[in-house]
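When the chains are written out, they are named A, B, C and D in that same order, and each has its own residue count from 1.
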């Protein structure tokens, strides 16, 4: 276990290094000069040159990158060009909100997706099954922004059941999490349905029935855990996709998370923030995958960590 | 066996019909099946594969797949209760409570993600209304009753942590934990090793006596029938052809089907006093091994599997699957390779086919296969072909039989397209399949047919040596006999040499000129078939032979008491 | 031919095939069928206050915020969106399959390198990659397709890797190797056909997501450039009008949904038809 | 109705408040916040462009216009309690000019003696600014600068306390301490910034509100819904185009929707260094090709068509000037004269936020009508700015979404960076790359007329500069966009304080009906 973790940590560091290098290189090539951007319209050429020098943008790429890596070693992600604040502080202040939303979103996605998938599998080929599959398609084809706005319009603006925007109370998290959940749920419903159909045909399900176990228990206690493994693996893959969703959902629901920060930074070519957010989300994805791998043996004891 | 003052039957099946829904209307699966089960009796349902044994048992449990099968007619009475019209909630109490069932596959019949304890205590909680703790206690007692070592620990283990034999014990324990009146065991031992099978059969007998349970035992193994049954129900294509006591079945079979079946069963010791397998073809003379050169020589073969270590953890020691094995095979001869599961038989075969990394020397047709370039290796592979254990698994399900048969030729660049097709048709005829079958896919054949396709595939390259790894294990008795005969015939006409891998002693006896007995990766006994079978020197060899069920009720029962295993405790 | 006949035989896939045929026809024949040019900003297409017009006899699906005929735009948009959905997504699935299959079959250092690369790409926030790539390259339809393919292959590669790893363990692969089949043959003839199902699932599910991803890119200014319509960018341009001019999001939305659904229905049917192991079963 | 005191107002914005450091902050959003947190020597009368002394009690201008002397108010204090002295003024100005500060506003102080040396890094103070005594500060210029008093009123000229800047250790933008009507009470990153009344502000009549809560990260569409439910008082980003007509035509919102002119012109730059736009005839032809009325209709008539660079509110705007009228035939004829009878292909850059891509498409269609095929590149703002500032890159750029409101209400602010030779450099904002030496000289001359008495003459001079520039047609002025603000029912006050020409929202003057 310890050796396994050590290996994964090393792997994580390598991945992060790789990502840092690629991102740095790519951002360096983007045709937008942050110094010009900061200096604004009224700046003289002298001012622009000064700003460029102060930011170290006049240095060769390699020097800039090594300097950045040096900072990383001390947990320093640099300073935002536009906000003139430590990127670490900015990210740290927004991390709790994003984590909350992410966890709630994944929970919603699983709750909806797994439930629908199980229902569809149990009632295979029935009307209900078809309805679930069409619903899952509709959500997959729906733009997130629109879904978010619709939910907000109906449940917050019109019915007033939930607050419209902000972060803090459990009521605030419901709609954003639901938006994220609805869209992912379509995928999960499909995955769960097909594995569940497989599992329901397994010998051990027949064994359970032969023991006189009630149908609900057969499905939930005997079959479902066996169908969850692909779902867990999918979550690992999914976290990356989630980041894109966060940008939209956070914007609509005024959720003070990393997605908003990233979005603004991209608009402003605020390279230190973009770098920071990229690294943090890469870390989240890698950790998410690690977590999925660590959970897998609990779901299926046959799996051993290698 | 049946006491004179027998009360009414525990279970009575009367005029049971089952039909399958097909696009072209209902197709009968069971027709007018009737039998009774007396208290404490063991009734065997026997018959070829597909005869309706499993469907009968599922119908009793009312677990037939609703979408495809239904019962249009018939009654099933448990004591005085009619099961077919019982409400589902009532029926749930019957399942596991009054009637318990053990399924064929111990490997897949236990839920892989639940502990043994959770699975065993579940039935107890449902049917006896006791709490979690109490149920676990009783489950532990049951594990004791099925002779499991360290029952307390087993409760916390998962199925994959147990061997096949242990899992079947758990299944039996689970089935008997609520003291059911009827136990249905559907092929409870086919997947197991001979020695483990013997232990499980002993256990079942012991427990049903202790618990006073009546048993329906489903099997196609006539040896098991002889050992276990009080009465036998013979089935064929959904009908009962004969119901008699076990003695009558073996000594005075009525139905012609029963007679055929018994004739096809190989019996251990059948060929004592002879040197080789029986000759089947008369017309041609046996190809004499004129050249004294063996087709295959294996010297000091070692195979070990490396477990993958991690970057930081030390590498675990490699598992030695085959240790210092040496033997040779002459042209036209069969070398039988026996041994229990996991003894390294398949690994040896795979090493010769160069599918696993190995050390030592392997000479095919006098030529070492070590360090060959891919092209040379390809040429050598032509000479030695392998037939895998499971014919279904070893045929690409997405290729038609025609392409599958022609593929070896394509790989080796032999002939034109038309020629290849011709050869494929020829080979199909040779293995007694119709050339029309070329456009069909593997799933459209029966097990026996598939195995013939595999043989055909091996033959098409005209090899000198065929490695047959458990080639008939998956087949029905009668089909198995046909396939074995075919193999013998081909040997006679083509002068093939076989490395015949099997754990079934009777079959090896029938097929081989010489025999190797393997255990834990090593050869424990080697010699001509006659030496090994008539005069086994090693205790392990003797145990293996002893464990084989004898299809003769009188001998089977006399053997019962004397069976004991010297080399190992209960598995 | 047999495939087509089979498709038309089942009601569900018949529906899918018909919808796809209609969409394809509309897309290909848009210049002849569309009532207006897609980028024609009609004077009568806007109210005097500059509001888009709801569906009417003249404009069947209404007009957009520039006074263009929505029906014509949706018809022309089909060209872009189908191209993205089929080509970009197809490239992603193909590339993912290739990488996953190679890694799963070869294992060893090659497999390790390929899968490490996949893991790296998986950890890379996809949207950022898309933005940066598209900003570097001059936005055009083909670049957008390429960017989408580059972003989307990763998941397919992962799944293909897992499946191939499992297939390689199967007996029939061993049997092929013992016959002397070369790697190319084993991979091409015996492994690839087994991934058809995965390819179809991801290929069809991916259509909707790629069409939307293209829209996201347009929204970021790095997608297909205006006035070229695509279903995604019609929705994205006007999504905030969902209360004041709902037709602007409804019709293209329905187009995406129906198309994606139809491809999926046909894909499911195709999977069964192409799978010989399903022959003679129901 | 008289303004009332007290109450808490909630304002929403989509984007974060970037920084409240007056030396750094330079976007339209933090512009008005910084105005309210800090005070400057000069300021404007609320709702107008009229300069008044603020932190300075009075000031004197030397007759040669090269020296200004300001007398500070004796009562003015920073919110940390310290009295403001002349040394603070000197420190604040030097801080902006110091290259280390990376201030985008350093250029505004270009006329002050010693500026060039300090910017080049060869000096570390401004000899032109001297603290005569605690309450008197004298500023010497190297050349007369008619805009100097405006410069004293822009945010970069805010007075900051040295000790607080140093204490904040580079984070002054998040921990601002000033001497404005408000002071910072709370800043929760990514969520809200709260201002509260500064009780020590020297003008006891200001501000009206007790507290201002600025919520960020609020999507404009959602902000509007919240405003309709009474959760928000002012939607800072205005009304999204999708909702504009709905509200505008709803009688219930008659008093809540405020619409007015601002100092803004939307224009298309025609790159004078790119073929065939280097031909003045072509540029004139393009000017005639655009149907500005239709473009205005596309943004729901929220603007008036423009014909010259200056917006109507700006001194010097020439009401008589007709510019180039919409005339397709004439445009075609001019193109033919330039040898481009069949038109040509070019590229039009635009920012990708609504409604800019739509406006670009309307322009594209008009250009197509005279045979000019313009390919649109709708990109993120930063990329458009980069393309515009790279020589030979962007033939045409639509300015919308980037050309913000003027820094101060003086025509010179519409010249230097965006039409003058100094802006036509790599990374500059003169995207037409227009450089006319003669006009440049006239501009310099106009800016030296620093005598307030000559203000009218100066405005005229500027006006003719801009109308003369239009002869060279480096731009297509398209429209002057109006600003639309929506406020909640309880907000009071004259519309002009919601559309203040010098600050977007005048937090000091807003008030709540009790």
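The working rule: a residue touches a chain if its C-beta (ideal position, glycine included) is under 8 Å from a C-beta of that chain, and two chains touch if they have at least 3 such contacts.
For reference, the UniProt names are A, C = ABC transporter permease; B = ABC transporter ATP-binding protein.
Bear in mind the structure is a predicted one, so any value in this text is a computation, not a measurement.
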item: Chain pair, A-C or A-D, that carries the greater number of C-beta contacts; value: A-D
item: By mean Cα position, the chain sitting nearest the middle; value: A
item: Centroid distance [mean C-alpha coordinates] between chain C (ABC transporter permease) and chain A (ABC transporter permease), Å; value: 22
item: Interchain centroid distance [CA atoms averaged], chain A (ABC transporter permease)/chain D, Å; value: 38
item: Chain B and chain C (ABC transporter permease), separation of their C-alpha mean positions in angstrom; value: 48
item: Where chain C (ABC transporter permease) touches two or more other chains, by residue; value: 135, 220, 240, 243
item: For chain D, residues that touch 2 or more chains besides their own; value: 221, 380, 383
item: Where chain B touches two or more other chains at once, by residue number; value: none
item: Residue ranges of chain A (ABC transporter permease) in contact with chain B within the complex; value: 3-4, 6-7, 10, 202-204, 206-214, 221-222, 225-226, 299-302, 306
item: Footprint of chain B on chain C (ABC transporter permease) - complex, ascending; value: 170-172, 174-182, 185, 189-190, 193-194, 275-277, 279-280, 282
item: List of chain A (ABC transporter permease) residues in touch with chain C (ABC transporter permease) within their complex; value: 11, 14-16, 18-19, 22-23, 26-27, 29-32, 134, 137-138, 140-143, 145-146, 149-150, 153, 187, 190, 233, 237, 240-241, 243-244, 247, 262, 266, 274, 277-278, 281-282, 285-286, 289
item: Residues on chain D engaged by chain C (ABC transporter permease) in the complex (per definition of touch); value: 221, 240-243, 245-246, 249, 294, 297-301, 351-352, 354-355, 357-358, 360-362, 364-365, 375-380, 383
item: Touching residues on chain D, where the partner in the complex is chain A (ABC transporter permease); value: 14-16, 18-19, 21, 24, 26, 99-100, 102-108, 110, 119-121, 170-171, 173-174, 188-191, 215-219, 221-222, 225-226, 228-229, 231, 380-383, 385-387, 389-390, 403-404, 407, 413, 416-418, 422, 425-429
